[in-house]
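Dropping the structure in here first, questions after.
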Amino acid sequence: MTTRFNQPLGGNEMPRFAGHASMFRLPTQTNAEGLDIALVGVPLDIGTSNRAGSRFGPREIRCESVMVRPYCMYTQAAPFDSFQVADIGDVPLNTFNLLKSIDIIEGFFDDVLSHGAKTISMGGDHTVALPILRATAKKHGPVALIHVDAHSDTNDSMFGERITHGTIFRRAIEENLVQADKMFQIGLRTTGYSAEDFDWARNQGALVVPAEECWHKSLSPLMTEIRGVIGAETPVYLSFDIDGLDPSVAPGTGTPEPGGLSTIQGIEIIRGCWGLNMVGADLVEVSPPYDTTGNTSLLAANLMFEMLCSFPGCQRAR
Amino acid sequence: MTTRFNQPLGGNEMPRFAGHASMFRLPTQTNAEGLDIALVGVPLDIGTSNRAGSRFGPREIRCESVMVRPYCMYTQAAPFDSFQVADIGDVPLNTFNLLKSIDIIEGFFDDVLSHGAKTISMGGDHTVALPILRATAKKHGPVALIHVDAHSDTNDSMFGERITHGTIFRRAIEENLVQADKMFQIGLRTTGYSAEDFDWARNQGALVVPAEECWHKSLSPLMTEIRGVIGAETPVYLSFDIDGLDPSVAPGTGTPEPGGLSTIQGIEIIRGCWGLNMVGADLVEVSPPYDTTGNTSLLAANLMFEMLCSFPGCQRAR
Amino acid sequence: MTTRFNQPLGGNEMPRFAGHASMFRLPTQTNAEGLDIALVGVPLDIGTSNRAGSRFGPREIRCESVMVRPYCMYTQAAPFDSFQVADIGDVPLNTFNLLKSIDIIEGFFDDVLSHGAKTISMGGDHTVALPILRATAKKHGPVALIHVDAHSDTNDSMFGERITHGTIFRRAIEENLVQADKMFQIGLRTTGYSAEDFDWARNQGALVVPAEECWHKSLSPLMTEIRGVIGAETPVYLSFDIDGLDPSVAPGTGTPEPGGLSTIQGIEIIRGCWGLNMVGADLVEVSPPYDTTGNTSLLAANLMFEMLCSFPGCQRAR
Amino acid sequence: MTTRFNQPLGGNEMPRFAGHASMFRLPTQTNAEGLDIALVGVPLDIGTSNRAGSRFGPREIRCESVMVRPYCMYTQAAPFDSFQVADIGDVPLNTFNLLKSIDIIEGFFDDVLSHGAKTISMGGDHTVALPILRATAKKHGPVALIHVDAHSDTNDSMFGERITHGTIFRRAIEENLVQADKMFQIGLRTTGYSAEDFDWARNQGALVVPAEECWHKSLSPLMTEIRGVIGAETPVYLSFDIDGLDPSVAPGTGTPEPGGLSTIQGIEIIRGCWGLNMVGADLVEVSPPYDTTGNTSLLAANLMFEMLCSFPGCQRAR
Amino acid sequence: MTTRFNQPLGGNEMPRFAGHASMFRLPTQTNAEGLDIALVGVPLDIGTSNRAGSRFGPREIRCESVMVRPYCMYTQAAPFDSFQVADIGDVPLNTFNLLKSIDIIEGFFDDVLSHGAKTISMGGDHTVALPILRATAKKHGPVALIHVDAHSDTNDSMFGERITHGTIFRRAIEENLVQADKMFQIGLRTTGYSAEDFDWARNQGALVVPAEECWHKSLSPLMTEIRGVIGAETPVYLSFDIDGLDPSVAPGTGTPEPGGLSTIQGIEIIRGCWGLNMVGADLVEVSPPYDTTGNTSLLAANLMFEMLCSFPGCQRAR
Amino acid sequence: MTTRFNQPLGGNEMPRFAGHASMFRLPTQTNAEGLDIALVGVPLDIGTSNRAGSRFGPREIRCESVMVRPYCMYTQAAPFDSFQVADIGDVPLNTFNLLKSIDIIEGFFDDVLSHGAKTISMGGDHTVALPILRATAKKHGPVALIHVDAHSDTNDSMFGERITHGTIFRRAIEENLVQADKMFQIGLRTTGYSAEDFDWARNQGALVVPAEECWHKSLSPLMTEIRGVIGAETPVYLSFDIDGLDPSVAPGTGTPEPGGLSTIQGIEIIRGCWGLNMVGADLVEVSPPYDTTGNTSLLAANLMFEMLCSFPGCQRAR
């Protein structure tokens, strides 16, 4: 098949275990020029409060992404026939200084967005979503937010710091990066510092869907409902913390919490974004040192592929 | 918030990866004086028939328990506002002699119970439940038993020995430690020495709920039924073998059996104990050498937190 | 209990961690003489396109099979009271030459089948199913096929080679080893080289059941339907690629794909074969180097036991 | 080559990763009849004081022994042209009761020795050496002992028990199983309960060679000296605890101690036994759950091969 | 034995795998009051440039330290008969902000030193040595420095930051915390940003001993020489980066470099400090996520025990 | 520093854990045009007889090579100031067919050599050395060979195949690719199929240096001797099988053999090639699935850097 867009290196041209492990075996470039969608690594992990290691997330997700082929069999989605996509590498952040890195990341995304590209990012810890949202809101205005996570990430501070992987969505709302009444937090669970930890977001207008309300059922109906609330025009950002899923399906992460979503539910959420005006997405908190089989990275790569398939304009049957 | 009870060391006072990894980061003490509930480690693993290693269970469960915060978000349970709880350390058992250790454990629990405390214990292999039940029955009389497990543990003997991790509930019934007609075995499955292996317990009056009867559904209705049979007054003991859950959610155990309960079902069982007159509980058979990510220990810590939340008197919304 | 058939070495005669780890601790023999069912290892992994390692599958599956006891508790199946079964060891294949090994395997199975035995084989990668099917069709004629897998394995070629783990079922249909209108592919999913990858089999008459159509439900009704189509007389072969199951339950495999079947669904498929005229089965693609806990091999051993229980003539209650 | 003795299954007859993993791929038999040397597994690990897991030692050592070929290249030793050797399997011990197991082991070795065979055993923890020495001394009289270890194993008791993996050589001397003035303890090091821990053995006449006296040099001169003391007639037993070697070369063991012997020194000790009247040997304390690469088991298998090569009568050039 | 000092919990009072894993199983206290030597954890790892994870160093070193007994067998050192030692826990640092943590650490050590205690610290990454040296120099004046490492750690800056794990000893010299002419860097090796990377320290007066100059020999003569230069009065600080040792003996570290020192040489360096006026020491850069067997932490615990044995006043035979 | 040659991406421009993991973080190109030395991956592992997995060698060696900086501190070698070097990616081999892959590899190297570049290759299993030597001998004539290995790799055939990882150097001599009288095999050891296994090479004129002759000493004198025999003009190829080193320093390999060379000796061999007319080199048999810490790949990357430093023309002090 010929196409005008970048195509993944085929499995019959170079064995999957061989060759450069760029994201989805796509061509690489150093900025977002000419792209519809830029794949970006943000290997920051000094915003994390327990286990580190997500600094290696982008490298390992890319390594496992070599198994992902160009077509989604069930939805018949064909992202590489629909968009110009490339791997534009990692943000050259400062690993010793969290606040400087936040600024570097924001600047990097400003540049990507200035080329008219949308972004699908891979962390790194969840802190990286804040500067991405800052850049995104500058470009697109406050966004609707679909937030998959075990944690609310709306603490006011941690150890006195106002920017960490546990505070970013409070900052995002305070800074008007997110439309709080079009914010959906899915998968929150287990334990908190107080019984009211999830209420701050609720009080701003967000819908919190605890994991318990997801147990034993498909999330497709929930996504139908969410699409109804958001509508087709509002710019939407999907922030997907891999720890929203259960540790049995995503063991390689820094703050796992039992009782989470299944892989299937995670896919349903992403596929359920089709029809929304997606302007950006991230997949964060994969920590390879705790991913003893590589399968968390593999899952992350597949979820990022599903994200591509849900961006507006993707050829797709269902 | 001020409280008259022990509180876990906060995540903003000391990073979660730092400081003494006591259970739930609670204060420690060397006996049960003044406690409502004592958390006890019983690191015995010489009663096990296949993989060893649960001797390291208490240490690793404590290490992973540092992530557990004081409030259950869904049930709004607040155990540390409701009870005086502490980590009273491990039973100083004799690692070379199973029968002597059984006696040491019984004596240890006699002492704890003499202080009026209830116990939540962590194994060690399942053999430890027998001396705990001996002490518990001395204090509270024969107990109703909710037993989560892949195995019935009602063999008459193994290798000619009458006390092993596979024989304890036959002993418990024979010794009248347990009310067999208020005994519920949930999650039993796979293969047995004879097709009648589960029938001995049935013949004593126990209800056996094979894993197959749990597949594809919530266990909350089962728990409602069980609460109806037991009633609110009968003293109840919950013995939770982590291998009752599927190996995908609890890989780090000694005799894993495929096709088991989900984490969600495990939580439903424990939450479903609320309203019963819980007098003791254990979480056994976590084997850290086979828990390559630490997530089995993490799950065990969360399940023990849920146990705390289900003891009578816990402030809780649902 | 006395029986005229081979019995597994009992757990009270020799500890489970001790003694020769033959399959199910059964006696071994070097050919299939006198057997109803022969257990065979086929440790070939040079037909695989991504991660290798399934060459060690037979050894590790045997090692973990020591936990499997002789009776299935739920179905009350008693295979070792019903059949003469033995472990006949591994095919002495040529690890440097795929095509020569294919021939060696076919010859080995010709010999086994000539003794009137049926076979349950363990891989090795999925390529081994082709020579087994060649031998099986010679003996029994074209078979109905129940094929559990994440992948269709019906590529025409890979790297120009016509025999690899991704092409075998196209070859099997072309060679009339399989009745394509009685072929069922269950669990197919994720991504393909083209959106039509699964259509070749459909066009031959096969029923493709994508994983998505299996989500959130029991597969027992599907198996009822399949039994209806196949009928009781047609010889049936079950080819079970462990990657049909989700990576969370079977991490130790070479080309894992997220969103797959649960262990429970895998068991339902195999139990649902009871009543069919099973003439052979395989369990392939277990790759021990990626099975950090041994639990994938353990699952494989249990699934092979369920296969035994579903062969015609097995004493069984349901 | 034809020979009248058992030969290992060749690497060109069956791939090394395939076939039954008997020790050195030798034939198996169930007793010692007709053997010059019997290879025996003793999978006991309930005599251990820290990490368990050596119960899986025999199985894993056998699995890794498939790489060992029949000739030692440097010494030109040809044990399978010199002796009738077979793998006679594991002692069927009682895993719940240490003292009963000790008796079972002694009985097993009595039987082996009654056939005139010598033994090379694999543990299991070091406790197993005591019943082996009891049987050996009954047969051969008190033996000279070459004992490689990080620990003296001459405590009087542990937790009040007189038979554990840390007390056995005190028992062996007290019971006159060993000629204390021909006892050599090599590799002892690190820390003790008192500064005099190694002196009890010295006071009985043993020569203690601390690891420090082995640093930076070949142990061949030491072995020459030891051979001089023992002489050619005295029956000699070699007890080789893998933790005598440094944790970097033998990580998979239960009580590792830094600063130990190198693999090279370990080989020098065993090769240095050539010329002595070896009547038995063991290799103990390999704990597979801590042997993440399998290389400790592989080393153990090679050391056991070197033991074979050092038994009297082995054809050998140097 | 009775003593006036804290004693480790004995292995016969509580199994080594049980009980609170304080450092060396010593009593804990929350400040340094009454101590001769305080054991301190400094779980900072956000100063590291490649692999993270040393934040878990103190927890795992303590866990493995349970194997260390009170007496050094070779030197006959008896630190717990010589000093009052306790585990005073971890510095409550701010895991999101490197510079604030540096100040917190300095303040913590100011307090410890104000009680007249000396310190043996465990990292964390090497950055922690800077605030410790600041506090130490305030108390004792500029110190002689024995620095074991693969790296010089004398970069001027990294990513523009002047305080990271690669710049600390340049800062320490600039701030006159160290007497550069009594500074010894042992084990430096492999590759650098320029061929002159090690020359800055040399130009300040330090002696650099590359790993190559250590190959194939004992380091005891070097230590004799170093003791001669330093003399008996000068206060000395030993900073021991575990990556000074070879990755084969210390795999669990963040920036391993092949060709390093052996464990034996590491012990020789520490034992060679006996006779010096040691005022402080650290053991840094153990990263448990990369320490798959626990043996790096075990080695670290033993090296810290050797440090205790080399502090002035320790009873010791040689 | 400015240079006319490719430079590795600096550690202060992009964190080491970030960015594209090309070899040494060098620029990539798709052929050898303009290069003095081409770095090539050859991810073939179907020529291996025991553990597979070296197909992932090139990917993991590149990932770990990010730690290697541009200057060798001890020798002061500056390869990137001396040569134009780039990573030219992997050979697109056919993973299902060994003989076709051998031809593909030879063709690939023919092309590289036609550009006038020399090659440093990374395997893959040792089979890859044969087609590389074929291309090299076509270009440079028969080469002197320095061969580091545990095995002679001079079998006549394995399983009847004449090209496998165990036969290549017999083929290389037979095909006159190598000057047998200038062939040096270093590190050979343990066991063989016959006591004469190493004699075939000796009979062709090769010098075999068994590991035993390397124990306890520096190999620099050996290299001096070898340089004397080879002389300065003869083209030389270095084939370095990582299993020549001991499993303790290189655990991640397919056929490890105890008692091997140390890392230090490995470096001495490579540094000892300086002064020879090196025309090519390889580093083979790194198998990442067995390299649990990544340190075998890290070692391989450092050894390949040392190879670069030993090629003629490298600026270097000693």
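Think of it as A, B, C, D, E and F in the order they're written, each chain with its own count starting at 1.
Rule of thumb we're sticking to: a contact is a pair of C-beta atoms (placed from the backbone, for glycine too) under 8 Å apart; a residue touches a chain by one contact, two chains touch by 3 or more.
Just so we're on the same page, UniProt names per chain: A, B, C, D, E, F = Agmatinase.
Source: prediction; values computed, not measured.
The set of chains in contact with chain A (Agmatinase) as well as chain D (Agmatinase) comprises B, C, E, F.
In terms of the stated touch criterion, the partners common to chain D (Agmatinase) and chain E (Agmatinase) are B, F, listed by label. Counted as hops between touching chains, the shortest connection from chain C (Agmatinase) to chain E (Agmatinase) is 2. Taking the mean Cα position of each chain as its centre, F sits at the greatest distance from chain B (Agmatinase).
Residue numbering shows that chain A (Agmatinase) and chain F (Agmatinase) use the same positions for more than half of their mutual interface. Separating the centre of chain A (Agmatinase) from that of chain B (Agmatinase), both taken as means of CA atoms, is a distance of 37 Å. Distance between chain B (Agmatinase) and chain F (Agmatinase), defined via averaged C-alpha coordinates, is recorded as 55 Å. One inter-chain figure worth recording: chain A (Agmatinase) and chain E (Agmatinase) are separated by 40 Å, centre to centre, where each centre is the mean of the chain's CA atoms. Residues of chain D (Agmatinase) found to touch two or more other chains are 15, 17, 49, 51, 55-56, 95, 158-160, 246, 248, 290, 292.
Taken pair by pair, the chains that touch are A-B, A-C, A-E, A-F, B-C, B-D, B-E, C-D, C-F, D-E, D-F, E-F.
Within the complex, the chain F (Agmatinase) residues that touch chain D (Agmatinase) are 49-51, 158-160, 188-195, 197-198, 210-212, 215-216, 246-248, 251-252, 255-259, 290-292.
If you check the complex, the residues on chain A (Agmatinase) that touch chain F (Agmatinase) are 13-15, 17-22, 28, 41, 43, 55-56, 58-59, 63, 89-93, 95. Chain contact summary for the complex, chain E (Agmatinase) toward chain D (Agmatinase): residues 1, 10-12, 15-17, 66-74, 76, 78, 217-218, 246, 248-249, 263-264, 267, 292-295, 298-299, 302-303, 305, 317. By the touch criterion stated above, chain C (Agmatinase) contacts chain F (Agmatinase) in their complex at residues 45-49, 51-53, 55-56, 94-98, 158-161, 163-164, 289-290.
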